[in-house]
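Same chain, two partners: subunit A is paired with subunit B first, then with subunit C.
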Partner chain A sequence: MELIPLLVLTIIGYLSGSIIERRHFRSIRERESQLIGILTFSAKLPPAEDFDKQSVLVTGNVVISVDYFKHISAALRNLIGGRVIAYETLMDRARREAILRMKTDAKEKGASQIFNVKLETSSISKGGANQIGSVEVFAYGTGLI
Partner chain B sequence: MEYENPQIDETINLPAEHPLKDFVILLTGVAAFALATFYMLILLADYATRYIPFSFEQTLMDQLEQFSALEQVMGQPGDEEIEQYLQALADELAIAQQLPGDMPITIHYIETPELNAYATLGGHIYLFSGLLASCDDENTLAMILSHEIAHVHHRHPIVALGRGFTIAVATLSAVGASTSDISYKVLNYFGLATQLSFSRQHELEADHTALETLQRHYGHVGGADRLFELIGNSEKNPLNTLLSTHPLTQQRRQNVVEFIDNHPGHSTPEIKLPKWIEQKRPSENH
Partner chain C sequence: MIVSNIEIIPGKRITKHLGMVQGNTVRTKHLGRDIMAVLKNIVGGELVGYTELLNDARQEATDRMIEQAKSIGANAVLNVRFSTSSVSAGAAELFVYGTAVVVD
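Then we have the complex of A and B:
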């Protein structure tokens, strides 16, 4: 039966994927509480009193891969329609990780505030058929030292 | 003004449902819907395909044979004299089965050690030398031929083709034409499963007609149980750890026993195959 290798991959994907995801979320929560002092704003300009501060570009980048279990869940969901739950946790992880890395970059450069924070998401495999995709999130902003 | 970034509440973006539960619900939903739809489509195909005239099957096969496509797929043609003998036997059995005159049977004897025989479109029946080599008498051979002729009689080849085609079109419409997609693989699996369960019905129908043919032609169905012994033995693969025979073969054997109970025949001894066939055919290798 050609479904056996598919089944094996799905089980491996689910087990390893869920372990990795749990660990990642734990690490994300830890670092978020550590870096809570670095403020992020989506506003373009800082308040007038900070105009003379030194500014620097800070960035954070992360690429996370989809495991086979998520891939199959999403494929089935694409047949039926509705929220693709498997990908929601993936996107949340990726976004928060990218922002954390941007905050880390800011901390190293001595910035305590980041303005004009923007996020850009892209798919590495561009959704090719039967390819396991990866998602890349890039966070960037202006750090004020 | 004092600013601070608060700790974000995780229940906003993260789903409450467990991914595994979601997956199981999705899979069972897709399975149930797919099986129900395919079942309906097969019933529709069964009804509609019978309106395709037999002459269309013949034309299609003639065109295929022109390009020798079938020979490449099926194998090397076997001995001509054996083929003529088989054709004569098949014609006798077709008369016994009251096959309509506009559905001629064409026998093809193929040199392959496989223990198998196929009935395809247009009344073409392919018998492999491996199967002939395992037959010890004319009655067993007659059971095989009658079974295949019954498939032709009941239009099973075109119906099976119609079913497969309908399922294929339905699956591709649902998924889009990329056959490497995972959703295609899942739907295709359910499509095949539904088709297989229907093909059992065809086999049992052909068996019943074949038994009636044998009864009419010989007065008893002596070769039939021997045939299923053969099939049962060939299924016992030494590499196969599951020692039970295929459930379909068991059921077919059971049907033969029931038929004998309902049609007590005068048992004439089985007719041996002509000597020159025994000499010409390839030796059994079991």
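Then we have the complex of A and C:
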């Protein structure tokens, strides 16, 4: 009997989670193609010919929550080991979203190139029992105007 | 005040190094946001409340760093780094640091 609410939550999580994820990926792809003109580099310094430009710090962050299905499938994966695809797509979404927000920030500030892009990932709570499983990705860099 | 996470400011010369400046803040989420987050944990998706919370917190840490830089007479902070650590369950520390310099 105890399994029934668990099963219901898992099914709800799977259905809503996959819809939200699909929608999110679609919107990410759309915005990525819109913002393709903003160039991002992990190189530390801009080339010498850009030294006459002004610099500004640009940032973007996002917190994405797991859904119940992901939570369960990761817990099961934990028993046998191997890839946790449910979490891989979660991290991918979070990183791409953070980079997109950074690019949007750059666009608002009038920058067209971002140098020294750094990505920082932190799990706000560890995802244990009765805790909220979520991941934060923060992207920052120096935009050149 | 110029804030940048690269080591130079393109086109400007650093005339004086003033050492490291830092700013931090510790934030915790409030109950209302927590209840929303518990629901979101079932269906998935972005936790907008948390995103804003962390964004505000980072902004405050940055403001504190800039305040400190101003107080020692700097007009730019270079090589800025952000760092996050969880102090206890439910509370996060946002920390930002950089090198204060004077540029002409």
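What we mean here is this: the second predicted complex is superposed on the first by the 142 of 145 C-alpha atoms of A that agree within 3 Å, B and C clash if a C-alpha of one lies under 4 Å from a C-alpha of the other, contacts with A are read in each partner's own complex, and residues count from 1 in each chain.
Going forward, a residue touches a chain if its C-beta (ideal position, glycine included) is under 8 Å from a C-beta of that chain, and two chains touch if they have at least 3 such contacts.
Remember, predicted model here, so these are calculated numbers, not experimental data.
Q: Give one word, clash or fit, describing how subunit B and subunit C relate on subunit A after superposing.
A: Verdict on subunit A: subunit B and subunit C fit.
Q: Should A:Glu136 be classified as contacting the first partner (subunit B), the second (subunit C), both, or neither?
A: The second partner, subunit C, only.
Q: Output check: A:Ala86 vs subunit B and subunit C. Expected answer is one of first, second, both, neither. What do you get?
A: first
Q: I'd like to know which partner A:Leu119 touches here: subunit B for first, subunit C for second, both or neither.
A: A:Leu119 contacts neither subunit B nor subunit C.
Q: Touch check for A:Ile12: first (subunit B), second (subunit C), both, or neither?
A: second
Q: Is A:Lys44 touching anything from subunit B or subunit C once the two structures are fitted on A? First, second, both or neither.
A: Second partner only.
Q: Tell me which of subunit B and subunit C touches more residues of subunit A.
A: Between subunit B and subunit C, C touches the greater number of residues in subunit A.
Q: I want to verify one number. Taking the Cα centroids, what angle sits at subunit A between subunit B and subunit C, in steps of 10 degrees?
A: 110
Q: Is A:His71 touching anything from subunit B or subunit C once the two structures are fitted on A? First, second, both or neither.
A: Touch partners of A:His71: subunit B and subunit C.
Q: Looking at the superposed set of three chains, what is the minimum CA distance between subunit B and subunit C in Å?
A: Superposed on chain A, the two chains' closest C-alpha atoms are separated by 14 Å.
Q: Quick check on the output: what are the common subunit A residues between the subunit B footprint and the subunit C footprint?
A: Correct list for subunit A: 70-71.
Q: Show me the residue ranges of subunit A that touch subunit B in the complex, using the header's touch definition.
A: So the residues of subunit A in touch with subunit B come to 2-3, 6, 14, 18, 32-33, 36, 38-41, 47, 69-73, 75-80, 83, 85-86, 88-89, 92, 129-130.
Q: Using the touch definition from the top, list the residues of subunit A that touch subunit C in their complex.
A: My answer: residues 9, 12-13, 16-17, 20-21, 24, 44-46, 50-57, 59, 61-68, 70-71, 97, 115-116, 118, 120, 122, 124-126, 131-134, 136, 138, 140-142, 144.
Q: How about subunit B: which of its residues touch subunit A in the complex?
A: 1, 3-5, 7, 13-15, 17, 19-20, 22-23, 26-27, 29-30, 174-175, 178, 180-183, 185-187, 189
Q: Which positions of subunit C touch subunit A when the two form their complex?
A: 2-11, 34, 37-38, 40-47, 50-51, 54-55, 58, 80-86, 89-90, 92
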